[in-house]
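Structures follow.
Each of the next two complexes has chain A plus one other chain: chain B in the first, chain C in the second.
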Partner chain A sequence: MTRDSGTTGALSGDTLLRVEGLKKYFPVRGGFWQRSVKWVRAVDSVTFNINRGEVLGLVGESGCGKTTLAQMIVGIYPPTSGRIELDGIDLGKSLQSRNLKTKRKVQIVFQDPFWSLNPRKMVRDIVGEPLVVHGVALGSTVVRKVGDLLEMVGIDRARLFSYPHEFSGGERQRVAIARALALNPSLLLLDEPTSSIDTLSQAEILNLLIEVRNRFSLSYVLISHDLSVVQYLSDRIAVMYLGKIVEIGDTRRVFRARLHPYTEALMAAVPMIHASGEVSDVKPLEGHVPSAINPPPGCRFEARCYKRQDVCAVEEPPLRAIEDPEHLVACHFTNV
Partner chain B sequence: MNILEIRNLSVKARTILGTASLLSIQVLDLGAGEILGIVGESGSGKSILALTIMGLLPTNVRATSGSVTYRGQDLLRSSARGLSARIRGKEITMIFQDPMAALNPVFTVRQLLEEVIKEHHPDYDSKRVRGAALEMLQLVKLGDPEVTLQKYPHELSGGMRQRVLIAMALSSGAKLLVSDEATRALDVTIQAGILKLLEDLRNKLDLSTVFISSNIALAATVCERIGVLYAGELIESGPAREVIADSRHPYTRSFLASLPVPERKGQPLPIIAGRSPDPLNRPRGCSFAGRCPIVEDRCRAEKPPMLQVSDGHDVLCHKGGTHQ
Partner chain C sequence: MAVSGDLTFQRRAGRALESSRTFVKLLFRNRLTGAAFVVVTLLVVVALLAPVLAPYPDDGRGVVNPSERFQKPSSEHIFGTDDMGRDILSRVIFGTRISLSISLVTIVAAMLIAIPLGVIAGYFGGFIDEILMRITDVFLSFPPLLIAIVVASFLGPSLENAMIAIVIAWWPWYSRVIRAQVMAAKERPYVSAARCIGTSDWKIMFSHILPNTIAPVIIQASMDLGCVILTAASLSFIGLGAQPPQPEWGLIVSSARTYILDAWWYSVFPGLAILVTVLSFNLIGDGLREVLDPRTRVR
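Presenting the complex of A and B:
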């Protein structure tokens, strides 16, 4: 396998997570006796780093592989190939190959707190279970620790014995965050953490996430289809298209430069109100994401791109630095 | 000329716990060929408004007073079988958040569309029905309409399904479209296309749209005017750009201030404490009084009046427009 570039991501600082050439191909069986196999290339050679205390935003349309990528990092799916390193230690192929100590360091918060919390368990047990499983606390210390965690996320410890249905959407997401923080992780994967809650609760969750990050110098991988949430929370942003990172760099820089035509299209489609009260106009992106089963041989965005030229259909553009060594773009025509 | 006028509307639900007040709107107008945005959080009454207009309220929910007038005819007064049935579903149609749930999966797009067309145009022969189906798909800008007609809903992407649903909704010759979170499940790039389509249909067919969304930025890009719902009450309405740049209700202001826009990166977002009031037990005074940063004694004691800020910009607040 050839590496697309030297180091993808932050060059300086204290690296927490290194993802190198990560791939996930899902088999699709068909034909006589289900013998013929095609592969869905959900994540295809993704490489990046995350520093300690850094927030990386992952954006892209549905089906671009961002959730699969996050689920490989947390260990839900074993990667087809590639490496995931945390603190310099290889996390191995599957969740089974990780020991309790490394499992503790990577936690996930799911999109919908209505589904991710067991309705038959009290908050004490939902948040306390990881403490017990990992042998961090026992007996009455569990209750005390869970109380502390709840208070940290802004929920009264008197509600220890409440069930999930007694909480609002925003509060449930706080419980999910408290559970994720219970084991003192160094990396949190946030998969659409605010997309099923209201704007006002969203503001509270965003404030909480920033506060917790600063307090424990946590790193986040933030997945969201809401670009305003991503730009608000992320230090760096990675734009994915059909299993590949097409642009990665400092959030403000990527938002300003929009070097990849896909980044440009994605950002132009987002309705946004500025602090001045100005409302941005939206521009749709024509066409559809091609199938990940047989991705086009050249640039994967070629069919929908307005900068398209002959070379794009045959040669896949490498992810390379433009202007700034930390701002990488996979496009043949970044300056056209 | 207004196509839809709502006056002093009150919608209540009978529950085992008592009567819940779900919606209370003093004045809301929709002009012909206008796209009106209705924004608010979940539970604010957006969908109840859509269902009231459509006459699809559940059996325990009823419009207890007021009027919903469509082209001079009160939809709440006319009997279900008479006038209202000829208007609702024909001249007033609706599209939903989840197009897959609204499309029957065992029929092709052709069958789905032709069924609606036949229903509304019993005089059409089969050739004319076919032509009309094709025309509808072209109207909603579906690429390759001939091919799309042969497909089943599951073979289409979310954006294409929503376009098919719009085509079905409009094939009765609808004048008023109610869109309830129709783009919520779509990617932003596809969502922008649906917004453009609604603008396009407005220009081409003079179609009026009630555009319901929880995303105020989204509503502001496509709507001339927006109305903000809070706890079932229309608390502010006016030209979209004016409501956003010069909002007068403390709720609208707080709501806008809590959006994570680029300019606020690195700063904590302001929070409004508390929850919206219980529909079973609405407060005597202003429904926002419990959370309002500029609350006064009279706000807790009496209902605020509808005050005019400027022509077409109204606010439901005792201190309407005077605070800074």
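Presenting the complex of A and C:
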């Protein structure tokens, strides 16, 4: 597997997905006539690229807009504004505007394996549904193909006729992955694929994802709040805070350099077990995430930042390169 | 492949049998539900075999015997006879047919109207939902019996019209129940996943959402089977439903009203038939809710 920065750059290489100025504002209705009086800025002007075969890790605390971003890319939520391009083709606003051919290229695996599979359907129908809808297979070939897919994700094909409740959490997630892979997508969105699974199944799922990615040269957008998962799997990492990307770049560089104070705080909050058996101190970040309804006018991290100065409250820092042209960060004081 | 296919089929069939067995076991664990289940089964048998079981099948169909008016309950006429000399037991037995078919036909018809509308309103939301729900609001703002009376008197008194009236009064309730269920279910990830795959809205509605939302409607319907019998009897009682000489229970009670002091048996036995039937359906509805909705299950 190649994890060299040479193949993972945002500017170079074969771009698969381009997201430009993507915004999602949810209305907060209130007052007379249920007018929308306020807007929750769940995702606010997010721009990034993903290359073919690349894994982009998306990290940030709960409510920072990771899931909304993924659901806009896959088309569940129409964006308020901005562009999503796949292979240079505009994906349009919502699922309705996408044709079947486009839909099959982008698939998603949800966080909760208990509700992501219809409890009243057999695995054959769950995994076979995309094949039937897209006319890829009919009749007995569906059973054969679903069996192949199940075997690929490590589930015995004899369990074709089982219902979701007969599987463990990890197995259900495998079934969900099989369903997403049925259409040979080029981009897979993984929305916290391992966060509701026990640690051992988690490791197996991660290895499965790596194996699948190498086999089909898939691209992933991996959403997680577990930094070790992201570090293990992704080529590049994007750190989100309150609807904005604050730092994006090669995973190893970001983990080493930690240019944004929020990235620094995120990584300091993870307990590390050293070789000596010593456990490092965790440093939780103080203060609370400001409301996304009325985000502060300057830098959104200003209130909790130890580097803050007067300019931070007034001027929003742009996402810019410091040394490496592919490692971008949104902070006024990266070298203080 | 063929052998393993057979094996999976056997396994599946065995599993289905097992689950239906546990279903019945659960249903009978509550003694009252079990008893009600037995009563309803008996009622169905009685309705099917009415001409065989009734001691005087002709009386059930409405043949008059003026010489045998107002006989007290005896070994010859267990429930006594009415003002036309007809055997009341036979009339009640034949009435079972009418009451059971009224309840079944009207509930099924109401569900057939309500479920598609409720699913569409809940799934699409917005303008369609607004219109459909305002229509149901109009219906729901009156008691169903009142609507049924208005509709039945507008259509003219007959059993068929009474059934139409009941359907019109009943469907909005199911629409509401199913809409609320659909609204909750459409946010679940498996629906989002189906949308991402490209499954059509219709298929999502009726193959993904409906099977997961139908249970509360089934429960409601099984409880309403009794209510509908009561409503139909009420309509017949005030002359808007079944017409003489049909042996409808409500109609029998209605014609017995005049003689209530002289011939108690005339009104009491058809009244008891209504009571037992309605009670049994309600108990079954309660039992079904316990079985289908594990949250209300008593451990």
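FYI, the second predicted complex is superposed on the first by the 321 of 336 C-alpha atoms of A that agree within 3 Å, B and C clash if a C-alpha of one lies under 4 Å from a C-alpha of the other, contacts with A are read in each partner's own complex, and residues count from 1 in each chain.
Throughout what follows, contacts are C-beta pairs under 8 Å (C-beta built on N, C-alpha and C of every residue); 3 or more make two chains touch, one makes a residue touch a chain.
A quick note: this is a predicted structure, and the numbers were derived from the prediction, not measured.
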Clash or fit: chain B and chain C on chain A? fit
Just to be sure I read the superposition right, which of the two partners does A:A176 touch: chain B = first, chain C = second, or both, or neither? second
Based on the superposed arrangement, let me know which partner A:D112 touches: chain B (first), chain C (second), both, or neither? second
A:Y232 in the overlay: touching chain B, chain C, both, or neither? Say first, second, both or neither. first
Between chain B (first) and chain C (second), which, if any, makes contact with A:N207: first, second, both or neither? first
Looking at chain A, does chain B or chain C touch a larger number of its residues? B
Using the touch definition from the top, say if A:K103 reaches chain B (first), chain C (second), both or neither. second
Considering only the touch criterion stated at the top, classify A:K283 as touching first (chain B), second (chain C), both, or neither. first
Can A:V270 be said to touch chain B (first), chain C (second), both, or neither? first
To be precise, I mean the smallest distance between any C-alpha of chain B and any C-alpha of chain C in the superposed model; what is it in Å? 11
Doubly contacted chain A residues - partners chain C and chain B: none
Taking the complex as given, what residues does chain A use to touch chain C? 71, 74-76, 95, 100, 103-104, 106-108, 110-112, 115-121, 129-130, 133-134, 158, 160-161, 176, 179, 183
Can you list the chain B residues touching chain A in their complex? 41-42, 157, 187-193, 195-196, 214-218, 220-221, 240-241, 244-246, 254-256, 258-265, 268-272, 275
Residue ranges of chain C touching chain A (in the complex, touch as defined): 4, 8, 11-12, 188-190, 192-200, 203, 208, 211-212
What residues on chain A touch chain B, complex-wise? 61-62, 168-169, 198-200, 202-204, 206-207, 210, 225, 227-229, 231-233, 251-252, 255, 265-266, 268-286, 288
